[in-house]
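Only one structure is covered here, and it is reproduced in the block below.
Letters are used for the chains, namely A, B and C, taken in the order the chains are written, and counting of residues starts over at 1 for each.
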C-alpha cells in the first residue's frame, strides 16, 4: 500500500527532453490512468516509476520514501507489459514463481501464492503449459498473475490490452478493474485509449508532449476540460469546435457570433474575455440534437446504428460537426437540418486554448433533451 | 541498344517456348519436373556423388596407380589394417599407429577447441551484447581473423611463436625464460588449439550475438522487475533462450574442428613428431605427401572420418530443426 | 604457359600443312637451368628444321605432384626435367634404339643411367641424361671458426670431429646452432651409411635396420637431445615434410650445415662477402666417408608421339660441348665423365664457389656403392619420406628409438608392398 508522488520529474535522452517536469500525486489505492497520444511520454514516465529508466531530474517518492536511486526490484512494484514479456521457456507455473524464487521465499508459500493467483485469474488448467501454447488473453492473465503473486505496493500496466482483440479487451478491462477492487492496491495504468481511461480510472492524467495537461477524476475531465486538447481527447466522438467572436457577456454567460454573424450563447464565465475576441465554442456530439430553432447545417452523412445515430454535418461556414443522437433519425444525406447548441452544454476556449469556467453543467441538469 | 538486348532476351524465351510446350505435352507436367532438375542432378552427380562413389571404390583397392582399372581390388583390407589395434586407447598397439595418433589428436583437439571456443565465444558475445564503449570496434576485432585466409593466420602466428618470434622477444625483454613453442609437443598442441580458436571464434561470436539479440529485451525488463540477480538471469533466462543457437554453434564448430587442417598444417606441419597431426593431415600424408602414394588407405581413412561427420551433420540438422520450431 | 598455348595453337594450325614437330619440355630450375637449355635448344632447332622445342618452366612442386598424375592418365609433355627416376621409371622413353651412338652416351653417363634402369625398364636402356649431378655434403662457416679460434676439421674428418668442433664454435661465438641436417631421409642416409648401414638386404630390398643404421640413429637422437643438432629442423615439422636450414646458415647462425651441392649457387649469391664459407666434402663415419649422389636430368616420356625427335634431342642434350656450355652457365656438377675429368670453365664464379664446386666434385668418386644403389632404387622415396616421420617421433619422445625404427622398417615395407 503506497502513495506515489512525482516532483518535477524530468527525462532526457541526451540533449532531447521528453518529459518536462511532471508533478503528480497518486493517492494510495488509486487506479490512476495515464492517457495521451502516442509518443507523449506515458511509457517513459511509467518506466521511470518502475525503475527501468533512469530519472534525469526531480524526485520520485513511493510511500513517502525517495526511490530515485533504488533498483527496480527494491521499489516493491510489479509491472505488466504490453508484450506480456513472459519467460518463453518456462511453464505458466514457473513464470509465476520465478520472481518469488528470486527472493528465496519458502517453497510452500510460493506454491500457495501461485495457486491463489491461478485460481483468481482462472489459469489453473494452464499451469503446466508454456506461454506459446496460450491465447493472447491467457498470456495477458499470466502476465497479470506474475505481478499479483509478488503482492507489490503498486501495480504498473503499460498498455496491457492493446494487443488483444476488441471483445477480449472489454472483458479484460473488467477483470483488471475487478482485480483492483479486490486487492485495493495503487495501480498506474498507461493507455492511449480514452475509453479505457474513462471506464477504469479513479484518476486520469492527460499527457501531451511530456507535460501533464490535466489530472483529475474522469467525469471532471469530461465536464471541465481545462483546454481544447483535453476537451478533444476525452469523450468520443471528439468534441466539436466552432470558431466564434465574443459579442457580449452578462451574468448568465457569453454572447457569441459565428463567422456568418449567427448568434450563439454559452453559459461560461466571460469576465476574462473582451468583446471582439476570437474564441472557440466547444460542444460535444452527444449534446447536439435536432431543433427547428437551432443552428442550420448541411447533412453530409448519416450513420444509423438502430439504438443511436450519428450525423456528420457541415455549417454554412464550412466547419464539420458531428452529432450523436439517441434513437433513430429521419434526416437524410444531402438535406438541411437545424441542431440545438444549448448554452449549458457549451464550452468556450480562449485563443490560447484554455477553457473559460462553465457556469452551468447541462450534464447534471437531468434530461438534456427538450 | 536496350531494345536489341530485350529482343534477344525475349527471343531466347520464344526459342524455348515451343519445344518446352511440346515436351510438356508429351511427358506430362509431372515428369516435366525432371527436365528442369536434370542439369542440377547432372552437376551434383558429376562433382559430388561420383567422387563419393569413386572414393568408396578406391577405399577397396590398393596400389599406387591412379586409374582404377590398374588398381587391385582388396575389399575391406584397408579398413582392416586401419582398425587393427591391440587397444584403441593406445596407438602404439595399432597396426597403423599414425592413424590412431591422428584420431586421438583429433579427439582431443575437437573437445578442447570446441569446448573452449564456445565458452570464450559465449563470454565475448555476452560482453559485446552489453552497452560497452567501442562496441563496434571490438566486434570487428573478433571478426577480423575470420576474414583472413587460414594460411595467413598460420603465418602470422608462426611469426609470433617461432624461436626468434615476437612472443619470445617479448618474454626475453621482460626477463622471462623463452620457450621454443612449436618444438615442444604439449605447447605445440596448446598453440594449434589456441590459434584455431583465435581464427574461428569471431564467426561464432557473431552467431551467438545474433542469438542474444533475438531474445526480446522486455523479458529482461520483466526479470529486472522480478528482482532477478544477474547470475540467475544468465543461468535461467539467457542460457535457456540461447540453447538452440548454442546447439547450432556446437555442431557447426564440431564439424569444422574434425575437418581442421590448413592453419595447423602451415603452423606446425603436424609436428613435432605427430603431436599435432590431425585426421585430415594423416589422410593427406598417406595419400599425397609420402611416396609411394597410398590412395586406398587414404580413401578408407577419409570414409571413416566421413562416417563421423555424417553423424555430426545429422545432429546439426536436428538442432537446426529444433531451433526453427522453437524460434 | 600462355606462350605454350599460343605456340600450340600455331602448331595445330600448321600441323596439316607441314611435317612440323613440336616437342614440349616441362622444366623446373634451381637456378637458371631451363633458361640455359632454352638457349641451347635454339641451335638444336637450327640443326633440325621443322622441330621446335617449347620449354614450360614450372615449379619443382609441379614436377613432384602434377607430372606423375598427368602421366598416369596418359597426358603430359614429351620431355621433362626430373629427379625421381625410380618413381617415374615406367613412363620413361628408352632412346637407345634411336640414337646414333648409344655407346658414347653409356661411356659418358654410365653410373647415372643406372638410376632409371629399374622395375621393368631395360637394363641397358638410355632413359635419362643428368645435367645437374648433386652430392650431399657439408658447409662450414669459416669466419665463425676463426672468431672462435677453433681449428676447422680437415678433409676426412668424422662426424664426431665436426660435432665437437661445431659445439665449441657455437659456445665461443654465441650463435644459435652448432650443426643442422636437412629434414629428409636422403640427407640422413649418407651419415647412416658412413656409420655402416647396409640399407639393402640380399634381395636388394630396402630398408634394413642394421647395427650401422641403429648406431647413427642413436647418435642422431642424442645430438638432438644435447643440442648439437638444431631441433628446429627435424622437430619443427611432422610427417615426411622436407625442411632445410639454409636460411640459418646464410644468416651466420649455424656453424656446420649438412646439405648438398645444389646450395652452392644460392650461398654464393646470398652470403656474398658477409662471411667466409667452405664446402667440407663428404663427412666420415666409422665405416665410410660417403655422401649421397643424386641429380636432376632430362628424360623423354614414352607417351610422346615423336619418339624419334625426342631421341634426337636427348642425344643433343648429352653432347659434351652442349653439356659444357649449359653447365658453365648453370654452375652445376657434371654427370658426364669427360667433363668430370677435364673440368668445366664456369662463368663468373667467385673463388669460394669455385672451391666448393671442386670440393664436391672431388668427393663424388668416393661415394659408396650403397649410396648409388639407393639413388637408383625404385622405391627410394619410400625411404626418404618415412625416415623423417619416424625419427622425429623418437627425437620428441613420442616413441622410443627401438619402436621408431621398428615402425620405420614396417612403414617402408608397407609402402613398397603398396607400390608393387
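Here is the rule we go by: contacts are C-beta pairs under 8 Å (C-beta built on N, C-alpha and C of every residue); 3 or more make two chains touch, one makes a residue touch a chain.
As the structure is a prediction and not an experimental result, all values here were calculated from the model.
Colleague: Give the chains in contact with both chain B and chain C, ordered by label.
Modeller: Joint contacts: the list comes back empty.
Colleague: Pick the chain whose C-alpha centre of mass, unweighted, sits closest to the average of all protein C-alpha coordinates shown.
Modeller: B
Colleague: Starting from the mean Cα coordinates of chain B and chain C, work out the distance between those two points in Å.
Modeller: Those two chain centres are 39 Å apart.
Colleague: Taking each chain's centre as its mean C-alpha position, how far apart are chain A and chain B in Å?
Modeller: Inter-chain centre distance comes to 59 Å.
Colleague: As a quick test, compute the distance in whole Å between the mean CA positions of chain A and chain C.
Modeller: Inter-chain centre distance comes to 95 Å.
Colleague: Can you name the residues of chain A that touch chain B in the complex?
Modeller: Counting only chain A, the residues touching chain B are 50-52, 71-74, 77-79, 81, 83, 85-89, 98-99, 102-103, 146, 150.
Colleague: Write out the stretch or stretches of chain C touching chain B in their complex.
Modeller: 65, 69, 72-73, 84, 87, 176, 231-232, 235-241, 243, 379, 381-382, 384-386, 389, 392-393, 395-399, 403, 407, 414-416, 418-419
Colleague: Considering only the defined contacts, which chain B positions touch chain C in the complex?
Modeller: Listed in rising order, the residues of chain B that touch chain C are 62-67, 92, 97-98, 101, 163, 180, 182-183, 185, 268-277, 281, 285, 288-292, 294, 296-297.
Colleague: Touching chain A in the complex: which residues of chain B?
Modeller: 216, 218-219, 221-229, 232, 236-237, 240-241
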